[in-house]
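Multiple structures follow.
Across the two complexes that follow, chain A remains constant while its partner is chain B and subsequently chain C.
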Partner chain A sequence: MSTDNKSKLWSDIRSKYSIYFVLTALFIISWMANENFVSAENLKNISAQISVGTILAFGQTVLIISGMLDLSSGSVLALAGVLSISSYKMTGSLLIAFIVAIVVGVVCNILNGIMITKFKTPPFIATLAMMTMARGAALMYTNGQNIYQIGNYIIFGQGRIMGIPAPAIFMIIVLLITWYILRNTVFGRSIYAIGGNEEAANASGINVERIKMKAFVYNGILVGIAGVLFMSRVNGGMPNGAQGYEFKALTAAVIGGTSFTGGIGTAGGTLAGAFIVGFLDNIMVLAGVNSYLQQIVRGAIIALAVIYDIQAKTVRTKRKHGFAEVKQSNIEKSI
Partner chain B sequence: MDLDIKLRVSNVEKSFPGVKALNNINFAVKKGTVHVICGENGAGKSTLMKIINGIYKQDSGQILIDEKVVDIRNPIQAKSLGIYMIFQELNYVPEMTIEESLFIGSWPRDRYGRVNWKEIRKHTKELLEKENLNYDPKTKLKELSISDIQMLEIIKAVSNNSDILIMDEPTSAITQNEIEVLFGKINELKKRGTSIIYISHKMDEIFRIADEITVLRDGCVVDTRPRDAYDLETVITQMVGRKLESGFTKEKIEPGEKVLQVKGLTAERFENISFDVHEGEIVGFAGLMGAGRTEVMRALFGLDPYWSGEITIKGEKVEINNVNDSINKKMVMLSEDRRRYGIIPVRSVKENVTLSSLKKFIYSGRLHADEENRKVDEVCKSMNVKTPDYETTAEALSGGNQQKVILAKWMVTDPDILIMDEPTRGIDVGAKSEIYKLMAALAKQGKALVMVSSELPELIMMCDRIYVMAKGKITGVLNRDEFTQEKIMAYATAVKRQKGVDIA
Partner chain C sequence: MKKWLVAFLVVSLMASILAGCSQPAPAATEAPEESETGEKVYRVAYIARAQADSFAAWLANAVKEEAAKYDNIKLDVFDGQANDDTENGLIENAITNKYDCIMIQPNNGEAQRPYAEKAVAAGIVTITTNARISGIEGASSVDADPYAQAAVNAVLALEQVPKDAKVVVLNGPPGNFHADARRESWQKEFFDKRPDVTIVGEEIANWNKDEAMNYMETWVQANDRIDAIISMNDNMAAGALEVIKDNPKFKDILSYGVDGTAEACLLIESGAMTATSLQSAYDLATKLLDTANKLLTGVEKQIDTDIDCPLITKDNVQQYIEMHKRAGAIK
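Our next item is the complex of A and B:
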């Protein structure tokens, strides 16, 4: 009995914290492989590099937990970013520029939400449409040209506070807010319930449509922030920028243990997932690995993470009463 | 008429873990006749048919066709033996055309291996003409009615040269006129020598269509007789009389004030439903599957819209447009489908229990975790939920404990009215009697309970009054001293109709 409990406890710990073990292991291996890796400056750089993708990933996490996703975040980021920079150049106000980015992100995501909740479009298709439209809008607004000479705007992405890169600080703040929302709010609990079983959530009195809209609004705020940071880091308003960032974000969320079947995922896991990808990229660069090979490795890791997620789930249902339950339901149907 | 035996079922037994579904079943279907199998929900009709159709394998016993033993391993093999089953829930691809669906799986090929559409069209036209059906082969199935699709199923069976046709409740979703057409077709098939096994519990139909009737109860054959040797009362008496495994007895509780009153509730699947429930009372809803009981409860709880009618809770007229309205009026519902509408399987017991009352624990901007834990512990203990801890995921619990978790969720909302739809379905005997005890305890606290159940003994044991529904209407209401399974079944099969029920 006690060994049983022990093994259960161990498997619980493993399933809950395995991502952090992986992260630690990767950190140690990277350290041993290249002594430059662990220098404070390198770690700060990694944090700044992954910040934009990770902020998007927190939005994706909230959406994936509730059973949705956002393919448009890279494009909406670009649209929000160029409009933000353009408004900065017009008004000279960093505050207004920041607000514009968030408003653009939120408006685009409200449209996503309306397509999904009111018109029952699958999230994949709705956000695919938004991805195309937002990119088109960004290119149309800028006429396909980059906006340069952005002046003080660079402090969002390149500034430092007490030596820490500003984007990393944004990332940490978003992490804390996301963590708090998911754990300690009605909205957070509802997100998990909807992703875990939408019909049951509805039958429990949760306003599914409203919660889904809120999830998109939150995602929109994060996309707006990411837009400011991205443009500021690249020194200009780039309508073609951040291509493929939605997939970077999805990668971090999935590696971090967010389950595409819904109802499972944490902010901490997503951060760990983002750092795993960041460390790997960094160590491969430091080791001079061919950049095409880097892509293959990144892809393989996504596959591994998903296989692990599915395996863990199968084991879980088999170990528990799952098997008997299946039979039971067969009986109910047959009689 | 040739009266040889076409299909014989001999000593067939089938068990599922913990349940003996079929016990020593014997009956025989004659050539060119309609053999009706009837029995209550859970009597074993469907299991038996699935064995004949090769979906299940019997544990022991034999199936004989033309008095030769056959081994039916799967539905494809059943088809090749001339057995064709038309299911109650028709499975079809809405986007397929008639000609595509008629030949699905056996599309004729030309010599290059391509599907030969010309031949398919020719065959389809021939078949439709032969069966006197006026459809364009290119019509999509989604444009057809249920009865049309049923007809197509029959044609499929005919084109497959099936001479044993199994029909599971074929009239449950079609109109009176369509029933006439169906019965005409059945008579035609009969004349051609097809044997038909017809599953139903609608008495009027059974007596119109049957040549022979076999009654099943609790997985046993009660009797087989020619139709003329049966009368209505006998069939009903044979169908009912299931035993209850739990020895629980409910004490009498004096009902208090009227808490819930429903007047003339009407929607797509039911009409003019009126009833009331008092404090401390358990009001039952009996009826056969598809009678509309669940639909009434779903509408009442705000899961489905209703068209007209009046709902009064504690003397106040209320409008219920969604689940929240209902919860705010302190009316909650335990769904019949626990997995679909009840639990969030991947989340913890704790999160499941507090899901409907999150605002009680999350206020002034933060989660009061200690209050939540205390409440979860208190209510789970009072429900006797067996779980290693409250962080365990709900999917890890047994069915009975999941049911208790859902009940616990509703208890945290502090309801006055509990609607319980099949509260003991699919849970073991021990958990059942615990649920009964909980229900009795809740009634004693003055809660008003509505209990929908397909198990008559359970209703008779628990309820103070029972409303009986058939075909979307209330056909009778019985007080505790009038309860007998026979009476309830008579109303449920709509052979009797109480006067004045509609106005009540």
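Our next item is the complex of A and C:
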């Protein structure tokens, strides 16, 4: 292999997998900083801690790739969670409780989708409105009070299967489904097409409104699942819970390489983004870093990770363009 | 056609705004209402810090229930949404609407101080609560003392926490009056008197149960022994206890909170939690309405009063569980 080809191959690998390099580097540094970091129980804890935010982040990834976003996911999670717990306390059925959460998530997201597709409301505004309405509904339903004594409902968030925390298993299942949808289905390819160029997608026969609505329905299902896991993990129905989780989810998706301009993003990248934030939070607490300093370090490392990722992608784009230019000049010469 | 429609809508909107502005505020011109007994009915605005905050919601509900017992008081509740600007705007609106009394539960005492002073200057009965804004001439206050709330726990911990203990500390949001005063109280009443105790983890969990859980999960990994959880509220203590509830290594752990929430009472009853001190929204509401009534009817000119902060332990928890059952918080 020539030096140029080797260099190109390395550059491609670097640009495609840069976020995983960052994650691996952070893992090694954390391991060196504190031996407890790599204990199986600590890694399981991190997986459980990031699971709710990461499940929301998969929904955000699908929406961002298609050129939208959801600011209401934290509030809808709270509404879905308290209604789910309430229905469990009324019926004693975990299945009904789970279905209620998903139905609430989907209904709220269909409303988001209608505002965006039918009334052409910008996603930022439509989901901001839903954020306020859903939080208000959760508080009104519970009169602002937490719901306690939730019995077996806790198995969703606190149960373990073969020693692995149940929320982490939910997260892995959602990862696989999201990965499959984005990579292997017409719906997934349509999402990338719409996010890349909506007009071109429309011209090529993709029903843009229908795909956007489907993206919100998928996001709604994930928000419902996250609602069940969150409330179950904290052992109570908390109408004011999960505040700011929409930003946790957005952070994981964007660190993982999902582009706000649409058309770019992967489920694996989002998972890596979520683990970067999870590792950082964990190692700083293990190392006893001052609480205020933690916020500065967290912000700085997130910025550095994204800068590294963007730089790596820019190199690949330049190489591609450069390659295309050389090819074009050869064609011109031959003519 | 569209242009005409837009023009029509704009003109209609402007006309309705101007019509609204030209009318005097209803409260300013209405004759004072009277109760069934012919007594004057006083209009009272209760401005809550944030109804999304579970204690603030509990207090707002308790104030509503208590106000219903007074024939001469008509209460309106407003939500400051944990935002200084929103809360200040609500105080200004209440002044403009000429309420007879404004009760302020500040989001940030110093941010609301000039607006509370404006209310006093407008001749409105002004009461600050949870936490009081002290030093406003002419204003009254009803509060619980956050230093004392933590101190009753700290005194108990002095006896209970073993020698050379390792403890973790969960703090509320920095800059919050109650969070800072409770932490200061633990420092002076416990840590300064027990130099043998080591803090192996201290974090800001912002009163939140889920944040406290995450920190405790990590501390448990880093420390084979934790003898006590010292939390500035019950919610965070409950979160930390959730993590270790099935872990035999921590079965004898001590844990202290503040607030006396329904969940904390149940944890104390089950033996999982050691103690908390009650910050009763019912007691605050009772004193608030009594204070408002006395000031509005001219019985007194200024009142500054505190509610008690009784310590809740396994010995007396049943009476507080009954209190929460009566309120519907425990079913």
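In this text, the second predicted complex is superposed on the first by the 296 of 335 C-alpha atoms of A that agree within 3 Å, B and C clash if a C-alpha of one lies under 4 Å from a C-alpha of the other, contacts with A are read in each partner's own complex, and residues count from 1 in each chain.
The rule is short, and it goes like this: contacts are C-beta pairs under 8 Å (C-beta built on N, C-alpha and C of every residue); 3 or more make two chains touch, one makes a residue touch a chain.
Being a predicted model, the structure only gives us computed values, none of them experimental.
> Check the residue A:39 against both partner chains and state whether it touches chain B (first), chain C (second), both, or neither.
After superposing on A, A:39 lies in contact with chain C but is clear of chain B.
> Where does A:86 make contact in the superposed view: on chain B (first), on chain C (second), on both, or on neither?
After superposing on A, A:86 lies clear of both chain B and chain C.
> Once the structures are superposed on A, label A:139 by its partner contacts, choosing first (chain B), second (chain C), both or neither.
Touch status of A:139: second partner only.
> Once the structures are superposed on A, label A:18 by its partner contacts, choosing first (chain B), second (chain C), both or neither.
It touches nothing on chain B or chain C.
> Based on the superposed arrangement, let me know which partner A:282 touches: chain B (first), chain C (second), both, or neither?
In the superposed model, A:282 contacts chain C only, not chain B.
> Quick check for you: in the superposed arrangement, does A:121 touch first (chain B), second (chain C), both or neither?
neither
> Is A:183 contacted by the first partner chain B, the second partner chain C, both or neither?
first
> Help me check something: in the complex, which residues belonging to chain C touch chain A?
The contact residues of chain C facing chain A are 51-54, 56-58, 60-61, 171, 174, 201-204, 208-210, 213-215, 217-219, 221-222, 238-239, 242, 261-263, 266, 329-331.
> For a test of understanding, state which residues of chain A touch chain B in their complex under the given definition.
Residues 183-186, 189-190, 192-193, 196-197, 199-207, 259, 261-264, 316-317, 320-322, 324-325, 327-335 of chain A touch chain B in their complex.
> Taking the complex as given, what residues does chain B use to touch chain A?
Contacts found on chain B: 16-17, 19, 21, 41-42, 44, 46-47, 50, 56, 301, 303, 322-324, 326-327, 333, 335, 339-347, 351, 354-356, 358-359, 362, 366-367, 393, 395-399, 409, 425-426.
> Flag every residue of chain A that touches chain C in the complex, lowest number first.
Residues in contact with chain C: 34, 36, 39, 41-42, 45, 48-49, 135, 139, 143-146, 148-149, 158, 230, 233-236, 238-243, 281-282, 285-286, 288, 291-292.
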